[in-house]
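The next part holds the structures, each set out as structure tokens.
The two complexes that follow have chain A in common; it is paired with chain B in the first and with chain C in the second.
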Partner chain A sequence: MSNINLSVPAVAVREIRLNTITGFAGNASELVQQSCSGGLGERRRSFTQCLGCSTSNAACKVVLVQDGVVISHGPVGCSACLHEFAFTYRVNAPLRGIEKPTPRHVYSTNLTEDETVFGGNEKLAATIREVFERDHPAVIFIITTCASGIIGDDVEGIADEAAEELGVPVVAIFCEGFRSKVWTSGFDASYHAIARKLINPSRFEHDPATGTSKRVTRPLVNVVNFWGSDIFNPWFERFGVRANYLTPYATLESLRYSSEALASVQVCLTLGSYLGGALESEFGVPTLRAAPPYGVPATERWLRALGALLEKPEVAEQIIEEERAASLPRIAELRSQLQGTTAYVTAGAGHGHALLALLGELGIQAVGAALFHHDPLNDFDAPEADQLAARVGDYGDVPNISICNKQEFELVNVLNRVSPDLLLARHGGMTLWGAKLGIPSLLIGDEQWGMGFEGVVKYGESILEVLENDEFVTNLAKHAINPYTQWWLSQEPYRFLEVE
Partner chain B sequence: MSKQLKQIAIYGKGGIGKSTTTSNLSAALADMGYRVMQFGCDPKADSTNTLRDGTYIPTVLDLLREKKQVDAHEAIFTGYNSIYCVEAGGPAPGVGCAGRGIITAVQLLKQQRIFEELDLDYVIYDVLGDVVCGGFAVPIREGIAQHVFTVSSADFMAIYAANNLFKGIQKYSNAGGALLGGVIANSISHPFQREIIDDFVCRTKTQVMQYVPRSITVTQSELSGKTTIEGAPESEQAAVYRELARRIDEHTDSKTPAPLGPEQLKNWAASWADQLVAIEIGEVRGEKEAI
Partner chain C sequence: MSESGLIEQERYTCAIGALQSVVAIPRALPILHSGPGCGSMVLGFYERATGYAGGYTTPCTNFSEAEVVFGGVERLHSIIDNSYKVIKSDLQVVLTGCTADIVGDDVASVVGEFTERGRPLVHVETAGFKHNNYVAHSNVVNAIIDQYVDGFVLDYLPRSDRKLVNVFASLPYQDPFWKGNLREYKRLLEALGLEVNILFGPQSDGVTEWQSIPAANFNILISPWYGLPVVERLEEKYGQPWYQFPYLPIGANETRRFLEGVLAFADSLDGEQAVGLDAVRAKAFIEREEHAFYEEIDNLATFLLEFRYGLPNHVHVLHDAGYVLGLARFLLHEVGIVPKEQFIVDNTPEQHQEHVRSLLAATSEKREIPVRFDPDAGAAQDVLRNVKHRGRGLIVGSGWDKELAREKGCDFLLAAAPCPYRLVMTTNYVGLSGGLRVIEDIYATVLASYA
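Entry: the complex of A and B
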């Protein structure tokens, strides 16, 4: 049964909803097999370094809504890192045709000792009014923090009252960091609130052809994504539809009518699972049941699934034929050039699987991956959309899969041990360990960039370039001081993972 | 197809007889044929004891402490006449945050759609004492309970607690929170106690749902781990609880109360103090006050 329940203000966290884990060491096939059988257990760490916070992931999904503003209801430190999304918004805006990206407005209620004792409700209400006066946004998002969650402020009630008073939606998002060790629960918190408060209920009209009522639709396909290149519209145009990008670069209006899209697709299962699931189970918008299009077989399956869903299978076949002709020869060349190369991956769950697929397609031997968490299930109950299972099926197993929420001590130990020719990453800050160890490292933040046939070519060419230009990392390694001791580097990397 | 689930929160000062009243109410409603859940929101976790022969049940928060993923069914136990018993539980005295405990426990059950699944007619929250922090206000917020009843004796400290609760209800009344159904007057053995409560409800614009006398039958039943409804069904006291249940079942429209301000409350209590002294010394003041 779906664990999506829009009648309650707070989303159920991933540990509860999807049995998500943050500790595992083994092969990809073991992880897939244990996930499918329901036998995947969490291996806890008796020692950990840093962790991300759900509030930041929640912010990520709403700071980038074009005409919204965000209020962090908590001590000012909880919003200290949120300015990074202003940067992300600005630099990625041109890729979505936004010529003049407006400044991002992120506020904090700056809860102090006084409010944690006497309650922050009034301060929140006053902040909402102040923010409305200053910015007149189309929508105001409130993200909660540990402090407001513990003192039990009535954030939902205050938001609803303000919405009525101001005449714009005010959306309470419950993303207290202490509720989940899986920071992607923050994405779900934002999606949950958006689905509850912003997305229009589906409308139905009589269909004379069948004599039944059918959902009113527009020629749109929702794309649940972060940011990055618009890879989808050139494909979608062939099917006569457009991409409705959610939730970064969306507007209040485009969020509202996402319930009228023909379908939803995901760039990354771990990112889009909840919104895709909610749009399907609560609004009737079907989610595409195929792993995202990374590597040739997945791209073909994905295009065919899209063709079937949009009832234009012939268009999918045409695209596949054209793109095969355009890219397969170059992919074959790249494969022969990259033969014998080894690579290690570090990224979030879904995109990490995507990078492993790209390595498989390019004939590069994946010698391991540190992925930030693992969801054995998704929110629309589609095992066929599992990206890691697809990777294993298409290109074979991957050893040394570590589910590791950015525990750098583990990463350094493993990298030192497997000593790959290349490190692939998606998150800022993760390639520095490769560089310090003299491993050529490539960081691509744009998830869409590697999609489709062309994405394989682009990745292959970039990897060749990085491998050929290794002077910087070679020199850096000579001068870098490794903060970890020889003792630690000689230990088994998963020493602090509890034995099952 | 779906019947209307009635969600009720019972509040009152600690030790005033909330759990006794709530359990008897649950038992009486179950006897009327309703499917009832009693949800104890007190870290002591003893709200449902008399529905289960005096035994304690594992609490939602105990289970959450043991493992991260809790199936809400594991925290639901059946008691007298198939009443579903749940205890939120909470931290040991002096540590942690009991308020957050209530938020966490209520969320868990709501997220897993337990109330719908069990096809309940009534969920009755038995909530600890004063609304001391945000967490204790959860059952009256966010449309969780529709009706609040407060248990109070004629003791002034109990009335202060009730007045405080009225402030909480008034605060959330505009935001779709629960409204006040009325006061369950407990331990009412003397006419003057009845007058104090009547005067209080009149000033705060609410009503008395039932006058429950102090009774040895309640104590006897509780000592054998039972509600009065179960332990002494033929007693007068059981009839009092059954009447309370009938009235609550018929009750539909709750209202925003008008709590007394600090000065009003003080003056009101002082005026009663004078009258009580007069009663004590046998002074006859006129027909109304003559006891």
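Entry: the complex of A and C
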């Protein structure tokens, strides 16, 4: 049963749509089991530190749309960090073959006290007009904020009127920070708006072979991703298809025809679940039913599922055979070199599961993980795509799983206690505490980098390098500034996690 | 200003960005009563700005639907209470965001419960829709003075230490060179014979230094407009007069002007408040610093005059008023780069714009330097796209301006927030050494363009 409803302007947040939680402590197998049985309840914390924000997660999916501009409807602070995405767009453009990256255009309606009293509708309408005059973009995205949400501006109505007046799509994205403790709800907000307003309805043509009507397609596979390296096309070429990367580096045009792709894949279920689900349930584009390709078994399942979906199973078998031959001996070597190593993971849900799989593949003992949230369900109703279940099945259980939305105080407490040989992280700010405690720490930002057989090798080699080069963290640990109290470090790490 | 009031490519953040002023006080702890994203937005704007307890260390109530509907005071109480258990700090400042202010939470009474028990806890309204961080910085400082420093006034009687001054200058983190600049101000003023409360950064003694604010004989404000409410408040509270130097003193000329201004001001205080500086020693210090500075310019002049492969001859600065004024003066008179169109992007309040204009006009007796006040830096860039001057240009601005510089074929110096393409730790741009560093940085980028 799909929870996707494109008839309403705002997406339902994950807490409601997927029963997502941000507080849990236990083993991976318990988490998997409770997710399936529906027995997973949310636990609040009576002490919390800063979280991420839906509005910036929504923004990252649209600032990098090549011919679009973004308006943050809020006070100037609500778009303060978006310059980072302009940097990312520019720096990663070569990975996607963008020869002439163009300046990113990020606007704030700059809401002031007057508008919080009298409403910001007029200011928003005037801003949209002015932005259009300034840049003549192909598409204008509007992201909402706590302030615009609470004062109750009619963002959808203003956007629709402007679209009519200007003749370009003006897309309202509802991503107020206070709506969700799961900031990845912001991804869903952007996808929801894109699916509602930009993606072309599927077209159908008569198929003389079967005498029935079939969906018009192009030889494309949608890849719902961030801005990582292009590892998909070398695989896809073998199947005679190309990657249609969504939504960073997409264009209005490539977003529109994503409904004509043969299939969709996702680099991370946390990231892509909603767009994959919407493309499937609303536009008939099937989503690949396999966990993303991290680690050997998952990669093989993924390639076989892709082969089946594209009706070329023999190509999948060929690739698997070649890549096994190329990588398995090196993976075995790495495994023996890394034997006996322990590691702790901190990351978002989907990519955290991926990192746990990579550790399993490399024979490194995962002694725990702090994952930012947990989605018991996904948006295309496919339990077989559950990455954590796959990890437990492929490599065994993981102890000390904490669902913890970047609560640094808990992480510091756990790391201090568990004292792993290695910290593997995915999000900025989280490696600092590994290093401060003298634990070699590795963060690979590019989520595509660790995929496939080769990804296992690359991770293994990087981990060996980080473990070897520990002089910096050893020295830092001697001089690190620690704002946490001795009392706290001697408490049980989940002390502030309330029992419901 | 644009018609709608929009801002493209913001160069500052909203009021809650002044949480960085708390982060900059040694062992002070900001506590946010705000939406979940405010802290990460501020951290993302400044980058590498965690300090002692900023970034993901900062406690936050993380407003959710429940707090929007039912209010967030209970949650705030619990977060403050547990902050004391988990994080070591000497001073705590609760900063409220848009959500708390729109909902109308009574933060003062929650905070009152803790201050009654002797906790050094302060609160300040920093709703993003009310001010930007340039304005909010003063509100944060004044809140700490009113709610914390004032409690120590019997230990530090007003103006009881004749040689002590409080300095209010760079905004922590908003000025990428704040740590170095504050260090340099302290060094220069101490060399004149003063004792200096610098208040922010590693040169500050933290709360004990803040407690002694009333004891200072006078205050020094180095800023065209931001920080003014602080020295006004201190005058009202403790009768401290203040000396204002209205821009950043960069290079020898302006540093001399600044230090001589301080000396003259100190000299004007008499009777019980006489500072009693050793004028001969102070002047000798200035002479010596200046001599060292001009030894470098002397060495450099041949290069500036003779380098045949091309050096910038004109400059556009996109920065706050203090930097635009300071850099224009320095680059014109001490480096020979002529300031053309200048862009002040700090949202300088209208009542201060005329003064800033007149200071810029006084930069040169023979040339007019056009200036535009507009926080909408995207519009400033559109203006720049369409101006043409003879020779090679230099753009001094934020990370947003790098692509424009490339587009125009200009040299580029990153010196304003946000600055993703440059690492700054403790470099200073003010003072004589700061001027030399500006020169090094400009010609390092210029020379890097060859071969």
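In this section, the second predicted complex is superposed on the first by the 499 of 500 C-alpha atoms of A that agree within 3 Å, B and C clash if a C-alpha of one lies under 4 Å from a C-alpha of the other, contacts with A are read in each partner's own complex, and residues count from 1 in each chain.
Here is the rule we use: a residue touches a chain if its C-beta (ideal position, glycine included) is under 8 Å from a C-beta of that chain, and two chains touch if they have at least 3 such contacts.
None of the values given here were measured: they were computed from a predicted structure.
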Looking at the superposed three-chain arrangement on chain A, would you call chain B and chain C a clash or a fit?
fit
Just chain B (first), just chain C (second), both, or neither: which does A:Gly119 touch?
first
Which holds for A:Asp154: it touches chain B only (first), chain C only (second), both, or neither?
first
Chain B or chain C: which reaches more residues on chain A?
C
In the overlaid three-chain picture, which partner chain does A:Asn5 touch, first (chain B) or second (chain C), both, or neither?
first
Could you look at A:Glu314 and tell me whether it touches chain B, chain C, both or neither (first, second, both, neither)?
neither
Rounded to whole Å, what minimum CA distance do you find between chain B and chain C in the overlaid structures?
5
The shared contact residues of chain A with chain B and chain C are 150-151
Give the list of chain A residues in touch with chain B in this complex.
3, 5, 7-10, 12, 15-16, 19, 42, 119, 149-154, 156-158, 160-161
Contact set on chain B toward chain A in their complex
68-70, 97, 99-100, 103, 107, 110-113, 133-138, 141-142, 172, 174-177
Which of the residues in chain C come into contact with chain A in the complex?
2-10, 12-17, 29, 32, 35-45, 47, 50, 52-53, 55-65, 67-68, 78-79, 82-83, 85-89, 97-99, 102-103, 127-130, 132-133, 375, 378-379, 382, 399-400, 403-404, 418, 420-421
Of all residues in chain A, which touch chain C in the complex?
46-56, 71, 74-84, 86-87, 90, 103, 105-113, 115-116, 123, 126-127, 129-131, 134, 145-147, 150-151, 176-181, 183, 406, 408-409, 429-430, 432, 481, 483-485, 487-488, 496
